[in-house]
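Following: one structure in structure tokens, then a few remarks.
Think of it as A, B and C in the order they're written, each chain with its own count starting at 1.
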Amino acid sequence: MEPLAITDAAGAAYVTVASGAGVIFTGDNLTRLLSGLGTSVTVAGLALIVGIPLGIVLGALRILHNPFLRAILRLYLEFFRIVPTLVILFLSYYILPRELGVQVDGVTVAVVAFGLWVAAEISDIVRGALISVSDHQVDAGKALGMNGLQILWYVRIPQSVNLMVPATINLAARVIMTTSLLLLISVIDVITVGQQIMEANRMTHPDAAFWVYGFIFFLYFIICWPLAMIAKALEKRAKERNNG
Amino acid sequence: MAEADNETTAKGEEPLLSVRHLRKSYGDHEVLKDVSFDVRRGQVLVLLGPSGSGKSTLIRCLNGLETIQGGEIRFKGEVVPNNSEKAWRRLRTEIGMVFQSYDLFPNLTVAKNIELGPTKVQKRPKAEVDEQMDRLLADVQLSEYKNAYPRELSGGQKQRIAIVRALAMNPELMLFDEVTASLDPEMVREVLELMLRLAKRHMTMIVVTHEMEFARRVADTVMFLENGVILERQSGSDFFTNPETDRARNFLDSMSPVGDE
Amino acid sequence: MSWEVIQRALPLFEKAFVLTLRLSAVSVVLATLLGLVLALLREYRVPVLAQISTVFQELFRNTPLLIQLFFLYYGLPSIGVKWSAETCAVVGMSILGAAYMCGAFEGGFTGIPRVQNESARALGLSPLQMIRHVTLPQGLTRSVPAVAANVIFMVKETSVFTVIAVPELTNTARDLIGMYYRSDEYLLMLVVAYAIILIPLSVILTLIERRVRRGTFGDN
């Protein structure tokens, strides 16, 4: 796919720097790149806000002994396991406007697609964490006369959040990385902005692509890497706690 | 308390718990075959038997933690609808249970562990529960551990707190499932002594244990199980001095330390 | 939904299907080998190389494949390195996959009880002998579930190759949608194609996992 050839007046106005690296810091290019990144992070944030509560409910339902419900939820999860996120995004892009009968902007399409994907992943995280709580603990709760919801609330959830949180942070980092796909449904994200800048400087700075893509690579890294580190530290702490 | 227990309960007195023709199986494997017995108020019933005899499964059935395949369980004269989780949930507030594995909630302090059932399940006022908790903790000499987490306690202390947690619900029947089995020997005593004190206060108790000396001291009645069948039911004193069946005699021989009188 | 449309697109999808499989297979093999080496470098704390392995892993696990591909395909030519789209795809995916595989192997290695390494050292085994007789046989079997998850992840991730116009499944579907202004048929074919690859693959991987677990840790 060729970069979009949308020439930008502001980008074209400041093209006097020698190295392609300088292009990033010319004019308001940096601000534009960062606001593009803002769009990506916003989409990721909204998808998580939509997906996490939905996923928690689905995950909790999956530990019930209702075979029908289990099968349906399992099927939901497996669909997202098998179909690449990019394809989910396309499905949402083509199907959503038709089903709703209205124009739907790219951000909404992405939030729906990623939100449903997040819900599937979270449901698996939540289920895995909830069933990791030992049967003895559940029996102890039952022996105190607790009902299903009370066991969930007072026994299972408090003893498994320390497993859920790091996995969720890791997922958040993955969602942010996945927002790089937004340019494929014409959302003006950080990559699209980068392509506009390269296009505007194509003549003066032929090596801009190297620096701009390198810079965007670096931007994603400084957002996602700290998240991964935090998740790792929390995981370690949870493990120590469980052994201690 | 130690008088022989008549198989047919004294007339006019309703047994607290009554089990008839209880059957339990895992798939094709029958764990309990036609088990029937009664427990009077104030009685201490000890279940003995080799491992795999079904005694732990039996005691778990008495709290509805296992589904059963047949028979009838009555508590305070009322039939518990078989495998009705709803009915059992109500009864579990009247039947306390302590397990072999340490079952305190590791994320809660001792006080929170004890308060949880009475305040959230029984919905009793916290002030009243706390007052009772303080009394119970003082009684087991663990008051200073009120704000400790389970991981800061020894195994024996954990089990005593687990007993206190069950007692805080004011149960009418206490079930003990091998509560000393995973303890170091020096901690076994403190737990068993607490149970002996409870027995003296006429708490109705059903106890699964491997501690023969303790069983001898605490039991009003002993039931000996093997392969899911009650082979023998006797008063505690008779069982240990003069078991009726060869099986029980062999079992006692195998359990008594060498050189025991 | 038209059967005719599907039939006409079938040959193109077949080609794309084969290409997706081929690129996935090559990338998975390269990523697994590279990942294993990276993990061993860290496990044995080889000076400098272990640190490089760490940086590699953190760098490529925390950046999107799409940017990595753009950088390889559009960025590198501007400083004189020109690779075909397919080469960029395989290189990019192998690098990304290696970063993930490294993590999977490491997880397996750290699961090996310390006493195993100590007793191997007590027997006087050299580092290479330790790798051969202790680390690999015990660590690899422990890594199988995580490696399997990464394989599935990588196959799905090949859909991103579309951004540098590699004619794999997703790209083919996009082209067809763009050309004929129909989406239902092509999207259905796309989902089915991935299902045909991934369902048997995940079944096979689950079977391998089960077998390995039984073989190593007894039947539990």
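As a working rule, contacts are C-beta pairs under 8 Å (C-beta built on N, C-alpha and C of every residue); 3 or more make two chains touch, one makes a residue touch a chain.
On a predicted model such as this, the values are computed, not experimentally measured, just so you know.
**Student:** Chain contact topology under the given definition, line, ring, star, complete or other?
**Tutor:** Chain contacts: open path, no cycle.
**Student:** Could you tell me which two chains share the largest number of C-beta contact pairs?
**Tutor:** Highest contact count among chain pairs: A-C.
**Student:** Farthest from chain B by Cα centre, which chain is it? Let me know.
**Tutor:** Looking at centroid distances, C is the chain farthest away.
**Student:** Once you find the CA centre of chain B and the CA centre of chain C, what distance in Å lies between them?
**Tutor:** Spacing between the chain centres: roughly 55 Å.
**Student:** Using Cα averages as centroids, what's the distance between chain A and chain B in whole Å?
**Tutor:** 51
**Student:** When the C-alpha atoms of chain A and chain C are each averaged to a single point, how far apart are the two points in Å?
**Tutor:** 20
**Student:** Spell out the residues on chain A that touch chain C in their complex, using ranges where they run on.
**Tutor:** 1, 3, 20, 81-87, 90-91, 94-95, 173, 177-178, 180-181, 183-184, 191, 206-214, 216-217, 220-221, 224-225, 228
**Student:** What residues of chain A sit close enough to touch chain B in their complex?
**Tutor:** 134, 136-137, 139-140, 142-147, 150, 154-155, 158-159, 244
**Student:** For chain C, which residues count as touching chain A in their complex?
**Tutor:** Result: residues 58-59, 61-68, 70-71, 74-79, 152, 156-160, 162-165, 170, 173-174, 177, 183-184, 187, 190-191, 194-195, 198-199, 202 of chain C touch chain A.
**Student:** Using the touch definition from the top, list the residues of chain B that touch chain A in their complex.
**Tutor:** Touch list, chain B to chain A: 63-65, 89-93, 95-97, 99, 101, 103-108, 116-117, 120-122, 151, 162, 165-166, 169.
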